[in-house]
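Each of the two complexes below includes subunit A, the first together with subunit B, the second together with subunit C.
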Partner chain A sequence: MRRWLNRQRSLADVALASLGRRRTRTMALLVVYALVVSVVAAVMLYAQAVRREAGRVLAQSPAVIVQRLQAGRFALVPDTYAEALRAIRGVQSVEGRLWGYYYDPVLKVAVTVMVAPEGSAHVVQDGHARVGPAVARAKGLSAGGQLLLITTARDVLRLTVDELLPDESAVLTADLILISAADFRALFDHPAGFYTDIALSVANPAEHRRVAEKVTTRMPDTRAIVRDDIARTYAATFSWREGLVLVAFIGVLAAFALFAFDRASGLSADETREIAVLKAVGWDAGDVMAMKAWEGALVSAVAFAAGYLAAYLFVFYVPAGPFDGALRGWTVVRPRIRLTPDTDAFQVATLFVLSVVPYTAAILVPVWRAAVAEPDVVMRG
Partner chain B sequence: MSAGLAVRRSNRVVLVVALLAAGVVGTWFDEARLQRRRQAVHDRNLRLAGDLRLTDVCLFGDAPWLRHLSQSDVFASMQDGPGAFDYSRSGSLVGPRGTVTDSDASVAEPPALSR
Partner chain C sequence: MLLQPPVLALLLMSALEVAIALAVIPFAVSIVRHWDLGDASERQVRLERRTRLVSTLVAFAMGLQILTLPVLVFTADRLAAQLSGAMCAVGTLNANAYGFAALSAQMVAFFAAVAWLALDAMDVSVPTYPLTRIKYVAALVLAPLLALAAGLPVAFFAMLEPSVITSCCARVFASDAPSVSGALAAWPAGPAMIAFYVSLAAAVMFSLHVATGRRGRASAALAGGAGLVAFASVIAGVVSFLAPAVYDDVLHHCPFCFLKAEYHHQGYLIYVPLFVATANSTWLLCASLAARVPALEDVLPRSQRRWAAVAAAGFMLVALISSIMLARSHVTFQ
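Presenting the complex of A and B:
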């Protein structure tokens, strides 16, 4: 074993000396290689973290949301529907939700206005509001301040800000304004006895879809959204985005692959002469190939490790990098989200294999051709 | 043997490779550390989403259907990305509905006509 290790170290020494003779080329290759790995790794780490974040915080979403459609458009749901929904077996509780979009003419953005359900820890008194962190920042609000909203009748609704929703909840509440039901109805001229939609709680998760089917069968003008659909929507969205960003990057990937392949598979005159000299001093083809395999493995492994590390630091320690916009999208009231890493070992392993194996393998074919030829023929060119 | 070869090249490179490998392995420990540290925040956010009956995360809000992606009107115009770039930039990055809700059989079927 010790002998084998010593032999490998000697081979690595020769490989490194060979790389050292072409220092500028090797460094240029390493930098570009690491950069390409870091971009792919950053997209992968970012998408995975956002996907997991969305899945994690929405695990307690309502089991089923029932919306009403009329002439192909959303319509308010009358409270009589709530009674009918309560009669469906498996439904534990039925709650009407009041929420909508308020277009803020100053910020020029639609924010979400919502009424906290009865019994919630966030119920707001009439004339008061709780405001999400990004809205508060954009409008310069603080606890005790005045929030002015324009009603659909063009009146001013003055609300006292009770408290700001915490920054740490920005992923859910960045653009949220919580107000009372009476203020909500006054703001949007929302008729009494109607809700935006209805949230059902169903005790048995296995019955969510069955209950949704019963809802749409009994009330053909409704649409039911199951909690699983919500999770799937976000998983699909970020997989799509990850793919799209990588597709946009495919030209660069192809250019690099071509460059690396050309660099790895075509031996320069110096390299060919070097192999011939090694053969002439007694190396066999196996030794030469092992030495060159070391060369390829060292370059690609160092590029992978450096690229992956850079991507990790960039995604989780540098706020709002360029992928933030490409993957997360745009909005005026932008939440400040600190992503928690949640790497997928399989993805990392795939990236490692794709980074190291093709380059190392591409090196070996021309080396084998040069190594099996007679040294004097190779040296004479 | 020259003095330069006393420190073998491979020793130095092994050190660099070991440091980089330790860095990659270190990201797993860092991940576990960050997850532990932010667990309390995640728990609070989970409770908040349940308490307010929230259905969507607030990531992009340049159009209402993007703010509440899971609740959006499946047949609203200009939401079949990637062609929607002119209308809402985030929309260009959201997949066509076909891929998002393949399993969503919940769109109301028109009631059968009675004979």
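Presenting the complex of A and C:
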């Protein structure tokens, strides 16, 4: 074992010295390699962080949301449904919700208008509103300012802006306007005795699906959306988008593999002489291949570490990177969210396979060609 | 669900494995037909030069194959979050007909790859390359297996529909399930424990016997065979009693859940030494077959001793860690 370790250390020494003698070529390879790793790593880190953020947000959403359908279309829910839902075993609380989308003709974007649940700290009085940070930014609003909304009847609803919703909740509240129930009904001409939908809280997570089944059995004109299903859909969507972006970079990976192959094939005069000398002093093809493998491993290790670090800094410390649009979508009232780093060993291993394996595969044949070259042929040029 | 990063990584590895396996076939055929170290013809010199490259390429493919198995399991585990009804890798693998077939093929290919690497290691350890022809016959035999092991996960992930409701591990490994998994879950803990510890003790004993002296073919074969039997009985034991002991739930027999963070990744403490030990047992078995070759007489005993020592240590570790898990459990088995 000690002998084997000593041999590997010596091979690594020779490989390192050899790379050092060809500093410019090595640096060029390292930069390109690290760039490729960083691009792939940035996509993966970003997607993982967005997935985590979505999971965090969804953890606070209702366990089951009940919507009413009429002729296959979304319809308002009579408040009598709430009583019937309360009678279902396992349902802890029932909350009728009022919310809708308001198209702002100035911003040319739909924002969410909602009535805060009763008893919450965000309840606003009639004639007042609380707005999310992205809406406030887009409309130039601040606490004490006037928010003008056009009702369905083309009247102007004047609301005084209370304090803004905090930036920390931006991922949930960026495009949100909270108003009172009376103002909501006036704005959308929403009939009394009806809710937009009903949120159920169910204490036991294992019963969410069972409760949803009971709801749709007892009220055939409704559909019940389980939180786990929304979480699953978000996870699948972000992973799919992540995969799609990575597929778009397959060309880059292939080009890099070709570059590595070409670079490993085109040995410089110094390199060929070096190999010839090594073989002339007794190294066999296996030793040369092992030395070349060490060179590849050292380059891969440095490029992988540098690329991963660059991607990490880029994703978590440079706001709105280029993958933002592709993975999160587009909107005028985009929330400013600070992504929380979330990495794990499996993600690093996946990145390793996607970046280092193609490089290793690309250099195998050139390394062998270098190793089997006869010293006298090489020295004679 | 092909457009998932771990699946793309798996596809990349599988594509490389198959490409190498197919590219090697013509060379392997000419080695099998023409390899003769006593011949000084140009063709023989060319074959000798190329064999190092081809061996390295095949070893690279086999290395990838060894990596593919854990990547498949991890990927299946990750995708469980996107499938209705799935709680771990079992739910994902159970979502269509190709899941468990892919896992089984990967397991077989894993140990086949390990065996081929043993042949390669023994072959290159002697300047006369005594196992070259056998090694390439093995590569030819393994090529379809590698293609199958690479193709089944592709079919599995391509057919995997997020809208499908799958069964979780509690259903698959329920003692009343009419399947092998159900039969293992229903196996009473008493006989399962006896088989578990007896097979581990036998594997340790036979391996130590080889590790401590210059032993012959029969000893190596016995140690290798005992190691494979121990592998099977440990997997059966995990389903029967060890997993319920870790979960503190006699009805939860899943052999995958205890790899998850919520069980502090305890499964790795069992599976890593188990697979390392079994890989070394496979090498011992290969060594017992190769021991007939006179050229290997000098080098083989040293390698055998090393492999046997690792196998014995691995199986001992499995027995020790399992015992600790059982001692810490609150489950009482009848």
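What we mean here is this: the second predicted complex is superposed on the first by the 317 of 381 C-alpha atoms of A that agree within 3 Å, B and C clash if a C-alpha of one lies under 4 Å from a C-alpha of the other, contacts with A are read in each partner's own complex, and residues count from 1 in each chain.
One rule holds for everything that comes next: contacts are C-beta pairs under 8 Å (C-beta built on N, C-alpha and C of every residue); 3 or more make two chains touch, one makes a residue touch a chain.
Being a predicted model, the structure only gives us computed values, none of them experimental.
Set against each other, subunit B and subunit C touch different numbers of residues in subunit A, with B touching more. In the superposed model, A:286 lies in contact with subunit C only, and not with subunit B.
Overlaid on A, the two complexes show subunit B and subunit C touching the same residues of subunit A, namely 229, 232, 236, 240, 244. Those residues of subunit C that touch subunit A in the shared complex are 1-9, 12-13, 16, 49, 52-53, 56-57, 60, 64, 67, 71, 74, 78, 81-84, 124, 162. Considering their complex, residues 44, 47, 228-229, 231-232, 235-236, 239-240, 242-244, 246-247, 285-286, 289, 346, 349-350, 353-354, 357-358, 360-361, 364-365, 368, 371-372 of subunit A touch subunit C.
Against subunit A, the residues of subunit B that register as touching in their complex are 8-10, 13-14, 16-17, 20-21, 23-24, 27-28, 30-31, 34-35, 38, 41-42, 44-62, 64, 66-71, 73, 75, 82, 89-90, 93-95, 99-101, 103-111. For subunit A in complex with subunit B, the residues that touch the partner chain are 9-10, 12-13, 16-17, 20, 50, 53-54, 56-62, 65, 67, 69, 72-74, 95, 97, 101, 109-112, 114, 116-117, 120-122, 132, 134, 166, 168-176, 178, 197, 199, 212-213, 216, 220-226, 229-230, 232-234, 236-237, 240-241, 244, 298, 301-302, 305-306, 308-309, 312, 316, 326-333, 335, 337-338, 340-343.
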